[in-house]
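Note that chain A is present in both complexes that follow, paired respectively with chain B and with chain C.
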Partner chain A sequence: MQAEGTVLLLHAAGLHARPAVTLTKTAKTFRAKVQVAADPAGPWIDAKSVVRVMGMKTPARTLLHLRAEGDDAQAAVDALVRLVNDDFQGGPE
Partner chain B sequence: MTRLVGQAAAPGLALGRVVEWPAAGGAAVHEAAPPRTLPEALEQAAAQLRELRERTDSAEARAILEFQVEFLGDPALLEPALPLLQQGSDPAAVWCAAIDAQIADFEASDDDYFRHRVGDLRDMRARVLAVLAGQAAAEVELPADAIVVADDIAPSRFLATRWGPRQAVVLRGGSPTAHVALLARSRALPMVVALGTAPIPPGSTAIVDGGAGTVELAPDPQALVRFEQRRDALEQGRRAAERNAAGPARTRGGERVQVLLNVSDATELEGVDPALCDGIGLVRTELMFAEGPPDEATQLAAYGRLLHWAGGRQVVVRTLDAGGDKPVPGWSMPHEANPFLGTRGLRLSLRQAEGFKVQLRALLRAAAGGDGLRILLPMVTDAAEVAAVRALVAACADELRGAGLAHRLPPLGVMVEVPAAALALDRLGPIDFASIGSNDLLQYTMAAARDDPRVSPLADAAHPGFERLLGLVVQGAAAAGIPLSLCGDLAAQPAQVPRLLAAGLRSLSMPAAAVGAVKQAIAGWPAAPHEPPAGAG
Partner chain C sequence: MSNGNTNVGIVIVSHSPDVARGAADMVRQMVGGGIPLAWTGGNPDGGLGTSVEGILQAIDAAWSEAGVAILVDLGGAETNSEMAIEMLPEPRRGRVVICDAPVVEGAVMAATEAWGGSDLQTVRRTAEELGERPE
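Entry: the complex of A and B
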C-alpha cells in the first residue's frame, strides 16, 4: 500500500532539532517505509533518520512532501501531516 | 576599570570572580573497562545523556538532550565513515571522520538555526571521545561567585554543572540563539556572548550584566554602587511581577480585568508563559512589511504561529498601519506635507487595494486554521471606510472559495484613534469590537506631537478634555454593545492604569514586560477600598 501527502511547515525555526526529533520518532512508530522531501523531484529522505532529516536543513514555510509504503502507509502519512500542522505538539514522548 | 561589550544572551546581574571554564575530559577513569567498539561507545554516551535527562527538570533541556540521544542512535550518522569502520580503523578516528563530516555540513549552512547546532555536535564529539578514552564525564565544581569565562560551553556540560544564583557566564564566542543561551535563560543565569578575544584575567573581579551584554572588569567604587542599586531594583521588580504576573488580573474589589499582549512577531513570545495574559490584543504587522510587502504564504505562516501560541484565545491582528511615522517601501505615499494627517493606516491600505487583499486573504486563511483571530483596522475615520473593507473581505472570500482554500470570516474591529471616530463609534456601521489607540488619540485630541519636546507636555492623558473623551468612548461602546479594549502606551504605564480603570475600561493590551507591574496596579485599584470605583457605573 502506498500513500502520499503534503503539508506546509510553519515552525519558525524550520525543521531543526526538536521538530526533527519529533518527526522521526513519530515516523518510527509505523512499520511503513516513510520518506520526506522538500521537492517532489527529490531527494527523498528517510523520515526515520534524524541525522538525514536534520541534514535537509529545511527552513520555515517549506511545503513538505511525504510518501510511505507498507501496510500502515496511509496512517503514517496522516500522522505526520497532523504533527506538522499541529506545530510538532503531541508527538510521542 | 575595563568595560567589555558583547551580546546579551540571558538577562540578570552578577558580581564575582573570573574563573576559566575547565577543558573537557576529566581525569576520573571509568571503573568498567572502556568500550572496544564505536557502536558500544555511542550506546554508552547515549546512556550518559539519558541519565542526565532523567535528572533535568527543564523541558527545553530535556529536548536538547533527547536530540543528542536520537542523533547518536541513528545508524545514518556513521555512514560517511563506513569504509574506515570496515578497514578496522581506530574507533576514535572513525568517530571523528563521521562527526566532523556532520559539523562541516552544518557549519556551511547559511541558516543560523542550523549553524548553531554545531555546538551540539561538538558536544557529542567530545563526549564519545571521552567515553572511548575511558574518561568519565566529570562534573564541574565552581565557586559560588564564579564568573565563568569560556570560548563556548557544550550544552550537556552546561547541564551537568550545578549553577548557583550568584554565578554568570561570559562566552568569547557563542550566540544568543545557541542552545546554551536558551538553557541559561531557562535557569535565570546571566549570560553574555560574542565578547571577542579581549583578555579577561582569571581571579579578577567582574560585573556581568546579561541584559545589556556588558562585562565590567575590576569595577570602580561607583560601578559597585550602581550594581548594588540595580540588583536591588531588579530583585524588587522581579518579586512584584512574580506575585502579580501569574494568574488573571483582578481589581482590589475582585473585578476581572482582561490583560492582553502587544507583539510584532512570534519570536517575541519565546519563553513567555501564555498564562501571563488573556490573549494577544495587538499584533503590529509593520515589522513584517519592513522590507516591502511579504507574500500571502509568509503572512499566513506568521499569523499561524501567533494563533498557535495563543491556543484558541483572541489574537487581534492590526492590518498594516503604514504612513505617518512608519513609512513602508513600495507602499506608503512619498513626500506628504503632513504625514500624520495624511494617507496613513487604513486610508493607505484602501489605496493599495491589491496589496491589502493579500493581507486580508492571509488573515481569512489563518482564521480557518485557529480560533481567536480578529482583524483590527487602524486609523478608521468614517463608516464608508469600514464598508469598503467589508467589500474587499467578501471579494477575498470569493477568491479563496474559487481556489478551494480553507478560510473563515473573522470578527472585524476598528482602532479608536481619530477623535471623530471616538465620538461616533456607533455610526461606523456594524463592527464587532474596538480598541483605543491611545498614542494617536491623545496626540490628535491635544493637537500635540508626542515626539516634539516643545509640545509633548501638552499630550497629557490627565487633561480633562482627554479624560472626558475617554469616558464618552467607553459609554458609546457600552451603549452600542461593542467590546472595547485599549492598546496604546497608556496601558503599559502603571501610573496611568487607575485613570483607565476609572474611565470604565476593563481590557488593556501591553508589551509582555509591562504585565507584572500593570497587574499590580490593577490589584491596587481603587486606592480607597471602602469607596465605590469612581466612574465605573
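Entry: the complex of A and C
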C-alpha cells in the first residue's frame, strides 16, 4: 500500500532540531517506510532518520512532500501532515 | 538493576557537570522520557573532570537489556569510559559502546534513535552519522 501527501511547513524556524526530532519520532511509530522531500524530484529522505531529516535544513514556508509504503502508509502520511499542521504539537511522548 | 525500559540507554559523560546535565536536559525536552538516560561529570572535589566510578554509576542508572550508548566530550572522558566498560561484569560489558560523536548533538540523535526501539549498533551508527555529510 502506498500513500502520498503534501503539507506546508509554517513553523517559523523551519524544520530545525526540535521539529525534526518530533517528525522522526512520529514516523517511527509506523511500520511503513516513510520518506520526506522538499522537492518532489528529490532527494527523498528517510523520515525515520533524525540526522538526515535535520540535515535537510528545510526553511519555513516550504511545501513538504511525504510518501509512504507499507500496510499503515496512509495512517503515517495522515499523522505527519497533522503534526506539521499542528505546528509539531501533539507528537508522541 | 532495571528501570523497566527496553530501549537502549544513553549516558552522557562530560568534564563539566553543567555540560553533562545540560545535554541531558536537552535530550529530555526534545526526545522525552521514553529512554533510560543518565549523566556524569566533574571530579569528586567539584572541579572539572570525569571519574570511572561516576561513569559506572551512570551506566547502572541508564541500564537497559538492549545496552547503553555513551557520549563523551574530551580525552579523559573517553579513556575513563573505556575503563568503566572493562570493569563491568561480563554479561554487560559487551552491551555498552562509546559513540564517536559530538556529545550534545550525538546525545539527541542517539536518544531519538533509541526512542524508536532501534538496537545498540543502530543507535551508535545514527550518532556517528552526524560527522558524515549525507548529500
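Remarks
Here is the rule we go by: the second predicted complex is superposed on the first by the 93 of 93 C-alpha atoms of A that agree within 3 Å, B and C clash if a C-alpha of one lies under 4 Å from a C-alpha of the other, contacts with A are read in each partner's own complex, and residues count from 1 in each chain.
Keep in mind that, in the parts below, a contact is a pair of C-beta atoms (placed from the backbone, for glycine too) under 8 Å apart; a residue touches a chain by one contact, two chains touch by 3 or more.
Being a predicted model, the structure only gives us computed values, none of them experimental.
Within the superposed three-chain model, A:1 lies out of touch with both chain B and chain C [touch as defined at top]. The wider contact with chain A, measured as residues touched, comes from B rather than the other of chain B and chain C. Residue contacts after overlaying the shared chain place A:60 against chain B, while chain C stays out of touching range.
Using the contact criterion defined above for the overlaid structures, shared-chain residue A:43 touches chain C, although it does not reach chain B.
Using the contact criterion defined above for the overlaid structures, shared-chain residue A:51 touches chain B and also reaches chain C. When the two complexes are overlaid on their common chain A, residue A:25 makes contact with chain B and with chain C alike. Chain A uses residues 17-18, 21, 24-25, 49-52, 55 to touch chain B in one structure and chain C in the other.
For chain A in complex with chain C, the touching residues are 17-18, 21, 24-25, 28-29, 43, 48-52, 55, 92-93. By the touch criterion stated above, chain A contacts chain B in their complex at residues 8, 10, 12-14, 16-18, 20-21, 24-25, 46, 49-52, 54-55, 57, 59-61, 87.
Touching chain A in their complex are the following residues of chain C: 30-34, 108-109, 112-113, 115-117, 126, 129-130, 133-135.
Residue ranges of chain B in contact with chain A, taken from their complex: 63-64, 66-67, 70-71, 74-77, 102, 105-106, 109, 111, 113-114, 117, 120, 179, 266-267, 297-298, 301, 304-305, 308.
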